[in-house]
Every structure is written in structure tokens, then in C-alpha cells.
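Consider the two complexes below, in which chain A is the common component and chain B and chain C are the respective partners.
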Partner chain A sequence: MIMEIARKEFVCLIRDGRFKWAIGIMFLLLVTSFVTGYQRYESLHSIREASQQKNSEQWLNQDRKNPHTAAHFGNYAYKPQGPLAFFDNGITNYAGSVIWLEAHKTNFAQNRPAQDNGAVSRFGDLTPAMILQILLPLLIILMGFSAFAGERESGTLRQVMSLGVSSRALLLGKLLGTSAAIALIIVPVVAITTLVLGFGLPADSSHLGERGLLLLGFYLIYTLAFLLLTLGVSAISRTSKGALITLISFWAMATFILPKAAADISKMVVPTPTYSEFYHLARQTSLKGLEGAKGLLALPQGRHIEIERRNLLKKYNVKSVQDLPIYWVAYSMQIMEERDYSIYQKFLGDLRRIFFRQEAMQDRFGLVSPMISLRSLSMAVAGTGLVDQERFNQTAQDFRIGMIRAMNGELIENTTMKDPLYIGGKEVFSKVKPYQYSEPTLSESLEGQRMNIAILLAWAIVSAVFAFVAVNRLRVQ
Partner chain B sequence: MLEAVELRKEYGQNVAIKGLNLSVGPGEIYCMLGANGAGKTTTVNCFLGFIRPTSGRAMINGIDVQENPIETKKYIAYIPENVMLYKNMTGLENLRYFSRLGGHDYEEAEYRRLLDRCGLQQAAVEQHIGGYSKGMRQKVGIAIALAKQAKAILLDEPTSGLDPKSSNEFSELLLELKGSGVAILMVTHDLFRAKETGTRLGIMRQGELVREMNADEVSHTEVEQIYLQEMQY
Partner chain C sequence: MLNTIFSHEIRQLLKSPATLFMLCLLAVAMIFGIYNGTRAVERQSESARVAIADEAAAKQRVLDQLVAYEKFTASRGIPRQFAPVNHAPPRPGEPPQGTNAGAVGGELVREVAVLPPTGLSAFAVGQMDLQRNYTLVDMKNKFNMSDNFEIENPLSLMVGTFDISFVVIFLLPIFIIALTYDMLSGEKESGTLALAMTQPISLRSFMGAKLLSRIALLMLVIVVMGLSAMLFSGSVLGVLSDPGAWSRFALFLFVTFLYAMFWFGLGVLVSSLNRSSETNVTILAGIWLLMVVVMPALVSLAATTLYPAPSRMELKVAMRDASIAAEKQEGDTTKAYYTDHVEMAPDKENETYLTVFLARQDALEKAIQPVFDRFRRQQERQEGVVGWFQFLSPAIVMQNMLNEISGNSTDRYNAYMDGVFAFHKIWKEFFTPRYLKKEVMDSSLYDHFPKFHYSETHYLVIGRMIASFIGLVIIVIAINIFAFSRLRRFGVREGS
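Then we have the complex of A and B:
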């Protein structure tokens, strides 16, 4: 009986002219998003690869010079994207993708695509993820709002219920039938994604198959939750018009208003320091000392250097830095670099915690909007979320201090105050290996996503319970 | 087969049915007459389990409808005043769908034969219901009821919208079903058709069954006179 109802539901849906239009538009949008997503990914990927390669060549082939000057010449770290970025580009547009790594200065990531775009970019890129997160629920609503209410209005529900069909069988049949119609969208999406990932994209990713399956699973749970919610609302609504208004209102709240409100509220509750505030505080701390720190970091910069100088003189048993067998100027610069690195690590860590707290606060809004939970999960699995961005920032800063250690180390070991001249070439610069980004493992990507997984599952379960309760109270009149 | 025992339905202050006692046995056609709002359709809805009675019981084949709504529906078929079907499906597809929901499946030829028996033109069988007239929909509704092979049939103004020829054919169908032992409860305003096909006639007024008579004991004129007389109160 359930299969019979499902078959009828599917047949009626695909014969409905409105459905044909809706699914046609949806399909076109998805194809467009796949094409643009692929092109964007492919183009950015090749630009980044080429730029990183060029940067390495420039570093190695720069003119012979003092190694510290070479550290000022610097390096660039480009954030590579995982293959799933074409499906969901996450925060890529709003977070920088390249960092200039130079001596004495800790820079933030630059080149945010959103800076180059107009107001339209506020709606986000047309990606498959965006369409599935926002437009698929709308399609589900349009397909299902009249499932029960419409049948009640037209009188067919009375006809069906007079045959002894249980309301539970009716719900399951409608669920299956509508799901089969939705599969007309989902199956091509999965097929195209698999093809693109399997053959089309130039980059590798760890656990790509698992990531793809997880994405599919999360999107299916989201689809199921919306479908059950739609059927439940249709069952309790007196009219199909009432059901449509209720569902569209919820959709608008869940996909547009609440995500924006969640972002604004999280920034209000956990404010982000401005760029100048951050640097001013970090600079002042470097000069005056880090409060609460142990050892030399707690001291003002001048005293820190002085103590290091005394320790060094004592170590080499000399009275003046002029008599040291190493180059004091380079040594003191390295002390400053290490000091600033530690202090900036502290402040960058604080900033990172602010971002993660903001994200966690936004994720709590998933309780009222399943899209918020899905969005976070989708970004995390696609490798375009905050975890990936912060990993890039951290690995780039680690690369930076490594580069400076190597260059200053050359000076420290090979020159003295009496003979400070030292010019290095490729043999020196090659001691700095090219920047390599290693993406988080799948479990690292999913770390911090437990709440979103739980909320998404809860949405599906609560929607199912709601739908069954609603149909159990189904009235034919 | 169909039995109402002290059946009562109240909507707030309004009483739709006042302690109705009624019994329709196998091979019997009970025609329920009465003005609009007399409680006829409410009675049918109680048998269908669509309305929960305030007190009393509606029973089908000895089973209380409220206690076992799904089980009791196995024994009945229902034809409403306006048979509503799925517009995006053909008459044949609608019949097949409803028949399968009712627990019966046939070869396509049998479905076509059923539709033909109910007077639906062959050309209409493959047409979408969206293009059907009310009478054509009624015929499909009758075919659905026949396909169910139910022991009892509930009819709520079934000939509404049918042309005289189709109405007559429908009456013949009812008599055929009666002959095969089906219990039929028909709500109707058509006194002539009630007298022609009914075994017993009942007149309802303001929720009460005020008069019952055997159809073969009264003439058409007497039925009309009794009906008008009861309506004057």
C-alpha cells in the first residue's frame, strides 16, 4: 500500500506542470553552479599553484645578498583548496588566501575575493552547496505543501481514508513518492559531483571518498528533515494556502534571516578587535612585556635584550659584544623575532578563540535553523571552513619564523661584530624549503562539529515525530 | 451489517444526531431521506469514522468503528456526492490506484470492464480526470466502490450530477449488488429513486429518525406525501 501511494505521489508530481518548471529551473541552476564552481576552482587552483611555484623560484633566484635582507624580501604562502571547494567554497571569499611572510612583521591573510565584488556577493557565490542549502528546501515546500491540505481541500483525502488507509501509511507513501521526485535532482548532483571529483579536478584530498559520502549523508538528512516538516505542516494546516504561508515563512527565516542574525549577534556578543587595535596591543605588549608570562617575555623589550646580552657574554666569557665569536646584531634580531613570534602567537590564539567562539555561537542558532548546522558541516567537510583557514594561518606563521631563523642563523654563525659582511646566494636561500600546506585530516575537520551533527540529526528526528503526530491527528474534513 | 446504536453527535449546543438506532442487513438498501442539515451525512461520517460520535456506537459487521476504524473500512465502500479524483491521472489510473488501496488488484481488462459497467465511455478511460464532468467522476467513483467488493456500501447523494440514463443504470447496479447480499445505506433527496431501489426508507428530521417504512408497502405518491408531512413539523 505504501509503495502504491508513493508511486501515485511520484506520478502526480512529475505530471504537474509547476513541478516540471521548478525542477527544470533547479536543474539549470545546479548545472550552472557546477560549471562556474568548477571554473572558479580550476582557475584559482592553477593561479595558486603557479604563484607558489613562481614565489619559490623568486626566493631561490633572488640576487646574492645578506640573509637578513633576504628575509625582508620574504616569501608568500598561498592557501591551496581541496577538491570539494568547487562544491562549497565556504568562507574562502571572506578570508584571505595569501600571506606575505617577511622579517619583523606578522601579516594577516590578504586577497579576499569578496573585496573585489559588488553588493551582489553578499548573497554568496552560486555554488551547488548554496543551491542545495537554500533552494532545495524551497522546492521541497513547493512540492509538499499541499500533500495533505490540498487533498483535504479537493476531497481526495476523504476518498482515500474511506478505503481504510492508515494515516501512517499515507505519510510514508507520500514521503517516499516525494523523495523519489527529489531524487531526480539529487541523483544527477551526486553523479556529477562524483564525476568531477573522480576525473575532473587537479588536486588531491585526504579521505576524499569519505568526505563525499559524509556530505551526501548530511545533505540527505537535511532534505529529509525539510520533507517531514513540510508534510507535517501540510497535515495540520486547514488549507494548503495556510500551509504554504507557514512553510515559506519558516524557509525565509531559516535560510536568510536567522543565518544573518546569528552572524551579527555572535559578533555583538563576542566582538572581534579591529586590525589597528590588534596590532597596537601586540606592539605595546612586545615593548612592555607580556603580563602573566613566565620568564623573559614578561619583561620590557629592553631588559629582555639586556639579559640575553649578559647571558651571551657570560657564556662566551667575554666582556663586550665586539669580542663575541657570533654576530650580536643578528642574534639580538633573532631574540626580537622569537619574542614577537611568541607574543603574536598569544594574540593570534586569542583572535582564533574569538572566531571559534563566534562560530560556536552561530552554530547554536542551528536549533532554530537546520541550514546553519548544515552550512557549518558542509564547509568543514569540504575543507573550506574556519578550521582550514586557521590551519593555513598557523602553518604560514610557523613557516615564517622558520625562514627567519634560517636566515638570521646564517648571519649569527658566519659573521661577527668585527667582520659583519656576509653575502649569501642560492646555497643559503635553499635552506628555506618551499611552503607546504597540509590539510586537516577528516577527524580534525569534524572536530568541533559534534554539536552540528547532533542538531541536524535532532532536526530530522523531531521533524519525523512531528509529522507522525500530525498525521495521527489528521482530519478529513 | 451496518448498525447504529443510540448514536448521538453534538457540536457545542447543536445536536446533529439524537440517539439514532438503525440497522441495515445484507441484501438490504436503506434509503435515508431528509432535508439539508437533518443529520444524514453526519450519520454516514460516523460509519466512516470521520466523525467521533458524542455517545452511542456505529458498527460495521459487528465491529465498533471508533474502536477499530481501519478494520471496519475493509467491509465498506463509499461513494460521496462529489467523487474527487486525481486530476493528473486518467480514469483508469485512478480506479487502479483506489482499488489497490482498498486491497484489490485486477488485470487491466477487468478495470476497463468495471468502468464500462458504470457507463464511462471507452474514450474517457485514458483521459486525465481534469477533463471529466462531475457525472464522469461519479461513474469512476462507482467503479471504485464495485472494485472493492465490499459487504456494505455507504452512498451520499451518489446520483447527484448523473444524467437520467446513468441514474437509471446506477439503480440497476444497486439492485444487482443488493441481490448479491450487499448492505447499502443511501442518503438521498431523490424520493423517486429511493422508492424504486430502496428496501426500507427512513426520514430524518433535526437529527432524529422520525419515520421508517418498507418501500414495497408504500406508493410513490405516499412516499412523497409522508415526506412532505414530516418536513412540515
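Then we have the complex of A and C:
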């Protein structure tokens, strides 16, 4: 019985001219998004690799010079992307892609691609993820809104029920039939993704298979939740017009209004500091000392250096820095670098926590919009979310302090106040190993996502229960 | 007769809880929108205020040292001297850095060049959230300062702000669709259309009256809430007395009305197809999706595919190559070393090193200029593509205009940056000769440092949006004429 209902539903759907159009358009958009996503990923990937490579060459082949000046020349760290970025590019367009790592200064990752793309890109990119998150639910609604309400209006529901079909069979049949129609879209998507990931991409990512499967799982749960919800609403609505209006309102709420409102509310509750506030505070702290810190960090900058100076004089048992066997200027610069590193680590950490709290707050809106939960999960698994960006930022800052230590260390060891000249070349610069980004493991990617997984599953379960209850209480008139 | 239908429709609409709920939702969305927009502008202005205070304090420190030195020399009757560049604090009696124009204009004092928000900034955040509205100008190469990064959670940037422009571009059409989708089909399905048509009135007048009642209701909400929004953001940001703000506001109301008329016309057009209410909703929802989601994404794709912006990553590589080349030309590595750390240099040669440094900045600027110009050109070409393709979707047209009216468009930002670059030149011309002549700077000169003023060219603002405006007017008139002419062939009876 279930199969017969399913077949009827499926045939009705695919014979309907409107859905032929809808499915056709969806398919075209998906193909477009895949092709462009692939191109974008490939060009970005190759530019990134080439730039990072070139950066290392420039670092090594710079003129022979004082190591500290070399640190001023510095290095750039370029944000790499995992291969799944072609499917979901996440926050990539809105997060800095390059960090300049130089002596004395702690910089942010700059150059958001969105700056160069013009205002129209703010409507959102056409990516496979966006199509599946926003357009697919609408298609499901349009396919399923009249499943029960329409039959009731045309009077066929009474006939079907009079045959003694159980409501469970009716629901499952309709579910299967509509799913089969949806599968006409989903199956090619999965096939293309697998193909691209398997053969096409210059990929060096670990766990690609697992990540792909997880994505598939999450999107299927999301699709199922929308399907069940649509059928449930269709069953309880008096008219199919009512069902359609309810469902479309929910869809507009879930995919457009709530995500934006959530972002603004998260900023309202946890405000982001501005650039000038951030640096104002960090510089003041560097000058005056970090409150509540232990040791020299709590002291003003001048006293900090003075104490270090005295300790150094005592250690080497000399009267003046002029007599030290090491280079005091470089040593004092390194004291400052270490001091600032600790202070900026604290402030950057605070900022990171603000971002993550804002994200968690937005995720909570997943309770009213499954799209928000899916979006977060999709970005996390695709490696294009906040976790990945922050990991890039942190590893770049760690690289920076390593570079500075190495270069200032050269000066401290090899020169003195009386003979400060020291010129190094490749042999010295090569002590700084090229910047390498290590992407998070799958479990690290999913670490902050437990709530989203739970919410998404809850949506599917609640929708299923709702649909069954609604169909059980189905009235034929 | 028209009056009767009009007032009847208004009463009917106001009695429907669904309509009332929708209108309330629109009002709430606008309140939420203006609040978010105002916060965004405040945040930006606050950021600039902190920067201005920091830079003023830095300038004051330099000035204080200089004034003390001037008093000291005056009391002893000794001539003032030009200080060599030195990063260590001055010893008593020695000339401070404030006497050296190179040190002052090159690293100690910076001008905060602010792009002031317009009176209507809070209505459309536009591209404002991506970049700071101020630039720190000194004598370093100008590309150092063109990044203007502002901190924000990338997740929030991706989602965008829930501002008035979002309400107008995205939500307003939904409300209009809800108000118009069953204007005829609903009457027909309940059997009242044929009845109404027994009255001495044409279908088109009947439809016109129905449409007018809906337009009146919606515009009433828009005007009342828009005015409240203006009063709120205006009083918070202190721009209520600015006539420019009010003319921008009038422009905002007018283009919003035009945009609404597009969607009303579309509602009539779909009604004229004589399908069921459900089909109408499906078609209208599809068109909405096409206009505000799919088309913009495709247009953006077309623009970035036709004229891809050269990657900023490549720009960085080019900058470094230029830097290496400039360094090679200087030849002497010891010299290059001291350009970054003048305090380590033997005293006599100090000035030369700052000179070398400044010379290098100039060389860098010249080398990077072509790469930067390429960026600009691609960006302009992209905008050219968008300029043509925008007419595929009134939503893009609307975004263009709202960003322009609120003053948060890319074009205005670029015009501002051009102003900053021009000012950068003035700044350098002020300090460089004084530095090279080793002129001892006087404390009275500090009040006369160049100041940056952003001057808005109003005809340019109009010029940037005139094409969008005319295009939208044509689209709106065309769709309404077409829709109403189709109504002539509308079958009133059931089954027709």
C-alpha cells in the first residue's frame, strides 16, 4: 500500500509542469554553483599556494642584512582553504585572508575578499550549500503543501480513507513519494560532489571522506525535517492555500529573517570592540602593565625593562650594559616583544571568546530555525567556519613570535653594545621555517557543534512526531 | 463608486487579523532595523573618536616637549636646534623630536582623515561594516593605509545587518505579495467577483481601487515608521537639523515607493493570469526568490567571473617584490639596516637614514601604483557589469540606490580614499621640505598642520544613482501598464 501511494505521489509530482520547471531550474543553479565553486576554489588554492611559496623565497632571498631588520621585512601568512570550500565557502569572503607578521606589531588578518567584490555580493553567494539550505526547502514546500490539504479539497482524501488505508501508511507513502522526487536533485548533487572530491581537487585534506559523509548526513536530516514539517502542516491545514501561506511564512522566517536578527541580537548582547578601542587598550596595557597579571607583566613598561636590565647586569656581574657580552638593545627589544606577545595573546583571546560567544548565541536561534544549525554544521565540517579562521590567526601569531625570537636571538648572541654590526644572509634567515597551517582534525572541527547536532536532530524528530500526530488526527472534511 | 470600493477594502483589510499582524510585523521590523543601523553608525563614529583622541594625545606629547624646550632656550637665550631622529626620550636641554619635521610628519603625528556619516547612514549599512571610516595619514607609503580594516565577527558580516534597507529590499515585497496574491483570485474563489462586476464599474477600476487601498495602507506604515526611524536615528546621531539628511530621507521614501510599486504591479500582473490563489502565491514566491536571491547571486557571479579582482594575495607579493627592489637600489646593507632603527645609527648620519626611508616609501609607492590601479579598474569594470545587469532585478537597483542615498556605497568610499590620497600628498609636501632644509619647527606651526576635510559633491551622488533611478521608473511604469492592460482580457466568471 505504502509503495502504491508513494508511486502515485511521485508520478503526480513529476508530471506536474510546474515542478518540472522548478526541478530543472534547481538543477541548473546547482550545476552553475558547482562549476563556479570549483573554479573559485581552484584559483584561490593555487594563488594561495603560490603566494605562500613566493613569500618564503622572498624571505630567504632578501638582501643580506641585520636579522632584526629582516624581522621588520617579516613574513606573510596566507589563509589556506580545505577542498570542501568549493561546496560551502562559509565565512571565507568576510574573513581576513592575509596576516603580515612583522617586528614590534601584532596585526590582524586583513583583506576580506568581500571588499573587492562590490555591494551586490552582499546578497550572498551562489554556492551548493546556499542552494541546499535555502532553495531546497522552498521546493519541498511547493511539492508537499497540498499533499493532504489538496486531496481533502478535491475530495479524494475521503475515498482514500474509505479504502481503509492507515494514516501511518498514508504518511509514509506520501513521504516516500515526495522524497523520490527530491532525490532527483539530491542524487546528482551527491554524485557530482563525490566525483569532484575524488578526482578533481588538488586536495591534501585528511578525513575528506568522513567530512563528505557527515555533510551528506546533516543535509539529509535537514531535508527530512522540512519534508515532514510540510506534510504535517498540510495535514492540519483546512485549505491548501492556508498550508502554503503558513509554510512559506515559516520558510521566509527560518532562512532570511531569523538568521539576520540572530546576528544583530548577538552583537547587541556581546558587543565587538572596534579596531581603535582594541589597539588603544592593548597599547595602554603595554605601557602601564596588565592588571591582575603575575610578575613583571603587571609593572609599567619602563620598570619592567629596568628590572630586567638590573638582573642582567647582576647575572653577568658588570656595571653597565656597555660591558655586557650580549647585545642589550636587541635584548631589551626582545623583552618588549615577549611582553607584548603575552598582552596581545590576552586581548586576541578575549576577542576570540567574544566571537565564539556571538556564534553560540546565534546558534541558539537554531531552536526556531533549523537552517541556522545546519549552516553552522556545514561550515564547520567544510572547514570554512570561525574555528578554522581563529586557528589560522593563532598559528600565524605563534609563527610570528617564533620568527622574532630567532632573529633577535641572533643579534643578542652575536653582537655587543660596542660592536653592534651584524649582517646575516640566507644561513640566518633559514632558521625561520616557513609558515605551515595544520587544519583541525574532524573532532576538533565538531567540538563546538554538539548543540547544533542536537538541535538539528531534534528538528527532525519533532517534525516526525508532529507529522504523525497530524496525520493521525486527519479529518477528511 | 471608486471611493466606496476603496473605503470598503480598507475596512476589510483592517478587520483581517492576518493583515494587521503583517503591518505590525513590518513596523516592528523597521524599528529593529533602525536600531541596528543606528548602532552600526554609532560604533563607527565611536571608533573614529577613540582614534582622534589617541592621535591628539600623541601630538600633545610632542608639542609639550617642544614648548618646554622653547622655554628652556628662551630663558637661557641660546638658539634652538634641529633634533636628529632618535627614538629615545630627549635629555634635558637637548632639542626634542618635535623640532624635526621628518620625525613629526613621518611617525609621531598622524592626521585622522574621517569620512563623516551622512544624515541617513543608519538606514542602509551597505559596505560600511567592512571598513573603518577613518584613515591614519602619515608620510609612509599610501598603500600602507588603504586597508582600513575594522574588527567584526566574520559570521555577522556574512549574514549582514538587519537594517531598514533589508526590510525594504527583502521583507517589503513579501508583505506586498501577501496583500496582493488573492486580490482577484480570492474574490473569484468566494464567488463575489461576478457579483461585484454586476455593478457599473470596469474590472480595471475595481482592481485599481483595490490596489490603491493596499498601497495607501502600506505606504502609511512606511511613512510613519520611516519618519519615526528618521527622528530616532537623527536625534541619536544629531543630524536632525541637517537639511541634507532630510532631502536624503525624502529620496529614500520616494525610491521605496517606486520599489513597492514594482511589486504591486507584479501582484496585478500575476492576478491577471487568472489562476488559483495557490498558484499565484507559488509564482510570486518564485519571482521573489529569483529577484532577491538568485539574480543578485548570478549578477555578482557574472561580474566577478568577467572581471575577477586580482587577488589581494598577489598584491602583497608585488608589494614585497617592490620593497626588495627598492632595497637593492640602496645598495648599502648597513644603511638599510638603520632605516628601521635609527636609534642604533651613529649620530651624524641620522638624517640620511630618514631620508633613505622616505625615499624608499616613495619608490614603493611608485612600484605599487600600477598594481593598485589594476585593482581599481577591475572593481570599476565589475561595477559596470552590475550597472547593466542590475535591471534584471529591481532588488539590485534598490540596493544600489539605498547604499548611495545612505552614503555607504563603494563609490563614495573610493571617492573618499582618493581624497585621502590627495591629502597624503599635501601632508608630505608640508613636512618634507622643512625636514630636508633642517628647519627647526616652531610650536606655533603645530596649529597649522594640514587638516583633512571630506567634501561631498552632491551632483556626483545624484550622478551615481541616476541610471538606477531612471531604470526603476521605466520598469515600474511598464509592469503596471502591462498588468492593467492584461486585465482587459480577464474572465470574470468561474471556470473562465
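Basically, the second predicted complex is superposed on the first by the 477 of 477 C-alpha atoms of A that agree within 3 Å, B and C clash if a C-alpha of one lies under 4 Å from a C-alpha of the other, contacts with A are read in each partner's own complex, and residues count from 1 in each chain.
Rule of thumb we're sticking to: a contact is a pair of C-beta atoms (placed from the backbone, for glycine too) under 8 Å apart; a residue touches a chain by one contact, two chains touch by 3 or more.
Given the structure is predicted, the values throughout are model-derived calculations rather than measurements.
In the superposed model, A:5 lies in contact with chain B only, and not with chain C. Judged by the touch definition given at the top, the superposed model places A:322 against neither chain B nor chain C. Contacts of A:63 after superposition on the shared chain: chain C is touched, whereas chain B is not.
Set side by side, chain B and chain C differ in how many residues of chain A they touch, and the one touching more is C. Of the two partner chains placed by superposition, only chain C is touched by A:97; chain B is not.
Judged by the touch definition given at the top, the superposed model places A:252 against chain C, while chain B stays out of reach.
Within the superposed three-chain model, A:436 lies out of touch with both chain B and chain C [touch as defined at top]. With both structures placed on the common chain, the touch criterion links A:272 to chain C but leaves chain B unconnected.
When the two complexes are overlaid on their common chain A, residue A:161 makes contact with chain B while staying clear of chain C.
No residue of chain A is contacted both by chain B in one complex and by chain C in the other.
The touching residues of chain A, when paired with chain C in their complex, are 18, 22, 29, 32, 36, 39, 43-44, 47-48, 51, 54-55, 58, 61-66, 68-69, 72-73, 76, 78, 90-91, 93-98, 100, 103, 108, 110-126, 130, 134-135, 138, 142, 145-146, 240-241, 244-245, 248, 252, 256-257, 259-264, 266-268, 271-278, 280, 329, 351, 354-355, 358-359, 362, 385-386, 389, 420-421, 423. Of all the residues in chain C, the ones that touch chain A in their complex are 29, 32, 36, 39, 43-44, 46-48, 50-51, 54, 126-127, 130-132, 147, 149-162, 166, 170-171, 174, 178, 182, 277-279, 281-282, 285-286, 289, 292-294, 296-301, 303-305, 308-309, 311-314, 316-317, 320-321, 323-324, 327-328, 333-334, 336-337, 339-341, 343-344, 375, 378-379, 382-383, 386, 390, 395-396, 399-400, 403, 409-410. Per the touch definition, chain B reaches chain A in the complex via residues 45, 48, 50-51, 69-74, 76-78, 80, 82-86, 88-89, 93, 97-98, 100-103, 141, 144, 148, 154. Residue ranges of chain A in contact with chain B, taken from their complex: 1, 4-5, 8, 11-12, 15-16, 154-156, 158-166, 475-477.
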